[in-house]
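Scrolling down, you'll hit the structures one after another.
Consider the two complexes below, in which chain A is the common component and chain B and chain C are the respective partners.
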Partner chain A sequence: MDKIYKALAEIVGEEFVSNRKEELYIYSRDSGLSEPRFPDYVVMPRTVEEVQKIIQLANKEKIHVVPAGASLSLSGLTIPQKGGIVIDMRRMDRILELNRKGRYVVLEAGVTQGKLQAFLEENAPDLCHSLPEAPPSATVVGNLVIHGQGNLTQAYGFNSSMISGLEVVLPNGEICRIGSCSLSPYWFSIEPLPYLAGLFLGWFGTTGVITKVGLRLYPKKKLRDVELFVLEDPKLVSEVIYRVTHTEMAEDITTVAQPYPLMFQGTIMIGIYLTGDTEEELEFKRRLIWSSLSDLIKAKEGGFMALTPDMKVGLLEKPMSSLTRSADILKGGGFVYCGAIIPIEKFPEALKKLFEIAERNGVTFAHTGRVIGRGHCMMFAFAYPFNRADLESMEKAKRALFDSYVATLEIGGVPWKPGAEEQKLILERMDKNSVELIKRIRELLDPNKIMNPGNWEVEL
Partner chain B sequence: MQSQNFVLKFQKELCETCPTYDCLTRCQYLNIDTKTAEREIRKLLNGEDSFVLHECVTCYACEEYCKRGNHPFYLITDLQEKKGILPAPKPIVKQWVNLGIPDKKDIPHFYGAEEPVISLCLFPDFVNSIRGKLFQGVSIVLGRHFFCNLVYLHFGKPSLIRERLPKIIENIASHGFKEVVFFHDECYSTFTSYADAYEIKVPFRPVHLFEYLYNRLKELKDEIKPLNVRIAYQRNCSTRLTPQKEHYLDKIFELLGVERVERKYDRENALCCGGIIRGLQKLDLFVEVQKKNVEDMKNAKAEYCVFNCPACYSSLAERVRKEGIKPIMLHQLCKLALREEPR
Partner chain C sequence: MSMELHRCFRCGWCKLPSDFVDYNCPSYAKFRFESFSPGGRLWLIRAWLNGELTWSENFAKILFSCVACKNCAEQCKMRFKDEIVDWITSAKSSAIEKGLAPPKVRDFLENIAKHGNPWGLPRAQRASWLDLNKFEGEGDLLYIGCECAYEERGQKMAKNVIELFKVAGLSFGTLGNEEECDGNEAYMLGELGLFQELASKNTQKFKELGVKKVITISPHAFNAMKKYPDRDFEVLHFTQLLLELIQKGKLKLSELDLTVTYHDPCFLGRHNGIYSEPRKILKSIPGLKLVEMKRNKENSFCCGGGSGNFVFDLLSGSESPARLRVREALNTGAEILAVACPICKAMFEDAVKDEGSDLEVKDIAEILLSSTKML
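This part shows the complex of A and B:
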């Protein structure tokens, strides 16, 4: 019998390892448009010790390792570029601690967004975490590793800045804790120690396997409502966002621009989410937001759209399933997007590029975006639907996607969760000393080069 | 056909000799005394600018207040357009204009085979409620092919109505219907009041939902179990264009055994649901009007708020419900009395 298979089976039990083609197939692809590549094994550990043993084995055998959550990044980040072992983290799905007064939870790395959301609804209904629009099966840690954004991102920044502690299995198999949990029983803060968390966030599993995370929770108000402010002139988007963020009254702020249905063509909608424990609180916030935009309204440049109750239900759903449905314009069950992290003032340029790219490649598109921090930047999605039954539509979407990454860099933005190919585009343009630092850190942490190869790979 | 071919029948002389200027003095939103009304009417007659053109909330009520058969509101909207005055912000107007653009991909929906025919306009959500005894044997038409477009009266774009209406009328007439029941009051008012004011020919008889419901309820009289509840009625803007059918409503309420509560903001004194006031971004006024309206319903101890217009329902139902009053569409109230809807 295959030696590695046997060793893995000894670590996790036969049931939780596989080298069968039909099971490897699942891990060879994601729902985006990246080239599929097969792993040699997939394994599902239950404990940090098991993860540790897998990594030790991989070092001994010089075999590659790819940590994976739900593989929903859409940019192929868990597709094993060079084969090896995919570590599917989803059996490590325990919620270990809830500290209500300190407003944090400690989770294992396989806990999904849906599980955490349900857990909080039941055990701490006045607390919530920053929930992305990803399907509920996405893992919390997968989202943090890629610097995800959720409904609290406008108020508190990228989801990854809400981490209060980490436990990581390093590429050499050592278990390492980061933040207060490295010297205290409490997982309340990463700061004020040297900021080691940065060694594992945004690295796409190339620097270690996160096994536990402390995650900050935030007040969850009883009521939630939404307003859509509509504009025609893209140049006014940054102004609107500046004013609304200045009120500090909004929870989430999103942007939408799409050609279908026809009603929306030529306009940009800014979703402003409001929360409050009472109707009065909601009303108070709503009025401050209204008045922050009053002169734009008076100048007839923008206004609030009338929302039917059904539209509101859709917009207030968490996560918003309508997003996936409306992205599926071609009815082929597929869409990809390039999330550009851009300064908000670059919105008009990004939108113009989106129109040009869609036109040039003969594809339809949708734009959604989300404000990050108090307008410090935003995620601008260039999204393209495709039909999985139509190869041509997939090719076109792929080209449009690539063009969008290039466009993001051209306008001075930074592509979010880039796939292996697009990471190369970034590294080519990056300051050489920064690239060198990335290289040295990887060499230092992962001398055997076993971790998720093909990602953030500096070829000098 | 070009929209400019249709010209508003407006009799200047009636205004010049008007003893009341009711159209403006009774306006609930602009606060105009007789002297100001006289002055502003004169400006409007001369095609001059007037604050009325800028501040009108497009509640349509002046059409009803004028007892001399003139068309003050249609005049206002024509002047707004002529002078490029947009009652709402540009992007909001753009979305509404886009909404009605006839798209080649639109499919006319036609369920059923013969008359009577109900037009559901752009309200597909109601298809499933056009069922049961009340609507037995009724055919339904639905979709942009039958969209009356009257909504542009709110957005300073009335020429769009005249531009699109002949085609809509043709679409309806092409089916050979002699009569069409209009589910939405606004459609009915389009094919009667508006078409008449601009001398647009309508080759079928528009029937108001009230008339249909009343006749049907009479037939089903023995099956009605009186509801014995107190209801407040929410009038919608377009009812102001065709008050001649309002009498059916009281007869319907009588058949249903409901009491239309006496209150300040009913009948000619009805308040707008607030939806369009919000659409025109008069946000403080919107809050105030909805509050006044719902408090009035509450003070009159209404148990239900009955709507005739789905758009009003959309904008006011949640608010009404929060105050403990049950919102309901008129046809659903009828079904309730026939024990066809859960209470």
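This part shows the complex of A and C:
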């Protein structure tokens, strides 16, 4: 028997390791448009010690390792660029601790967004975490690793800034704790120690395998509502966002622009989510937000749209299944998006680029966006559905996607969760000393170059 | 079928129940490789049909460990959701047609075709344990079904149902050894030819005997008969009839001091939308406390026995769906796990033994019967 297979089976049990072609096929691709690349093994550990042994084995055998959650980032981030072992983390799915008063939870790395959501619903209904619109089968840690955003991002920043502790298996197999949990039994804060968490976030599994995370929770109000502010002039979007964030009354602020249905063509919709423990609180917030925009409304620059109950249900769903459903727009089973992190005043430029790219490539498009922090920046998605059964449609969407990454960089933005190819675009343009630092950190942490090669790979 | 398979986004909503509390696709919950999730399975079927992947033992396991529980169809967010299980069934059908099905699956179907039951047991044994008048054109027909006819635990369940019907003064009979398999598993395994043959044999026989109403014990039979093409008889699951009898005052119930949790069988629940009747029966028993498992009704977690797996059991082991479900039942604090399907009953009785648990698995008829006997 293959000696690596045998060693992996000894670590996790034969049931949870595979080198069979069906598993290799599925783990060689994700739901986006990245080129499939086959792993040699897929393994599913249950404990941190098992992860540690896998990493030690990988070092001994000089075989690559790629940590994976639900592989739903859509940019091929869990596709093993250079083969090796894919570690599917989802058997590590225990919620280990809830500290209600301290408002944090401690989770294993395979816990899904859905499981955490359900757990809080049952055990701490007045608390919530920042939930992305990703399918509930996505993992919490996968989202943190890519600096994801959720419904609390407008108030508290990127989801990754809500981390209160980490446990990581380093590329050399050492288990390392970060934050208060490194010197106390409590997982309440990453700060004020040297900020080591940054070594693992945004690195796409190239610097270690996260096995546990402490995550901050926030007050969950009893009521939640949404208002849609509709306008036509993209130049006003940053003004609207500035004013609404100034009120500090919104939970979440999102943007949508799409060619279909036709009644929405040419408009931009800004979703303003409100929460409150009472109707009175909601109404108070609503009034402040309305009054912050009243002169725009009077000048007929924009206005609030009357929402039907059905529309409200769809918009208030957590997570919103309509985003997943956009993969079926062309009855084709897929969409890809470039999430550009941009300053809010760049919205009009980004939208113009989106229209140009869609037209140039002959593709259907959609834009959704989310405000990050109090208008500190936003995620602007250039999204393209495609048809998995139609090669031409896939090629076109791929080209449009690539153009969107280039456009993001041109307007001064930063592409979010870039795939391996797009990472190269970023590294080419990045300050040389920053690139050199990335390289040195990787060499230092991972002398055998086992961790997810092909990602953030610097060839200077 | 292959024209539409590409529409699966592999987004994974279908793995979960509506409140996301745990994995709800039994075969994914057991195996945990993405290849065993509904989406993974659909992508692999597509790859197989496109010639990207060739048949293998592992692929056979992936395909036939789908128990047709329909959670995926319930939870998928796409417009094609209602077709997902049919797609998987069609793939099973293609495999069987090409002679690729695993030997256990082949034997299962051959036994049904030759002997009228999946174990290949003699037809003469079907009703040898049954002490009941044959249906002579009067009253209702009680359809016993293979799992109740040949499996000891199923026989016990059938006897409970029969006794209750007698207590209620119902006029009914059975087909005895002449009963034929209902064909549900043949249907779910994509053996449509065999299903149609069985459907037509049964419909013909019912017609000859003047059957107007069939009461099934197994939800699987109930589901199959609802699909019979030329059905001119009414079909009811026994829980529907029992509730009617209780509501008409035909069954007098006395107090039972029990805490019970009820498991929705997939072919009664998700496949046919019957959730309230079994619960109403249990709630009508004075003193009985019904507690729900986290996953119930549309979100029920399958016992793992569907689509032939109660015989060829590709999902066995310490994390089998039945064992996971028994743990979930125990978490409710219930002393009894109530079932309405002989397959669930057998699966859970085995699981309880394997778990070394003292949870009792009882069919609804048995619980009801003890309530009538207390009087």
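Keep this in mind: the second predicted complex is superposed on the first by the 457 of 460 C-alpha atoms of A that agree within 3 Å, B and C clash if a C-alpha of one lies under 4 Å from a C-alpha of the other, contacts with A are read in each partner's own complex, and residues count from 1 in each chain.
Everything below uses one rule, namely that contacts are C-beta pairs under 8 Å (C-beta built on N, C-alpha and C of every residue); 3 or more make two chains touch, one makes a residue touch a chain.
Being a predicted model, the structure only gives us computed values, none of them experimental.
Annotation for the three-chain superposition on chain A: chain B and chain C fit side by side. Look at A:P447: by the touch rule set out above, it reaches neither chain B nor chain C. In the superposition on chain A, A:S31 makes contact with chain C only, not with chain B. Within the superposed three-chain model, A:T308 lies in touch with chain B and out of touch with chain C [touch as defined at top].
In the superposition on chain A, A:G266 makes contact with chain B only, while chain C stays out of contact range. Greater residue coverage of chain A by touch, when chain B is weighed against chain C, goes to C. In the superposition on chain A, contact of A:S18 is made with chain C only, not with chain B. Of the two partner chains placed around the shared chain by superposition, chain C is the only one that A:K331 touches, whereas chain B remains out of contact.
When the two structures are aligned on the shared chain, A:N387 is found in touch with chain C, with no touch to chain B.
Nearest C-alpha atoms belonging to chain B and chain C sit 17 Å apart in the superposition, given in whole angstrom.
Judged by the document's definition of touching, no chain A residue lies at the interface with chain B and also at the interface with chain C.
Residue ranges on chain C touching chain A, taken from their complex, read 3, 6-13, 15-16, 19-22, 31-35, 40, 43-44, 47, 52-53, 56, 58-59, 62, 77-80, 317.
Those residues of chain B whose C-beta lies close enough to touch chain A in the complex are 86, 88-92, 94-96, 98-99, 101, 103, 125, 275, 278-279, 281, 283, 287, 314-315, 317-318, 322.
Those residues of chain A that touch chain C in the shared complex are 15-16, 18, 20-23, 25-27, 30-31, 42, 44, 70-72, 88, 90-91, 112-115, 117-118, 121-122, 135-138, 321, 324-325, 327-328, 331-334, 387-389. Residues of chain A that touch chain B in their complex: 230-232, 262-268, 279, 283, 290, 296-297, 300-306, 308-310.
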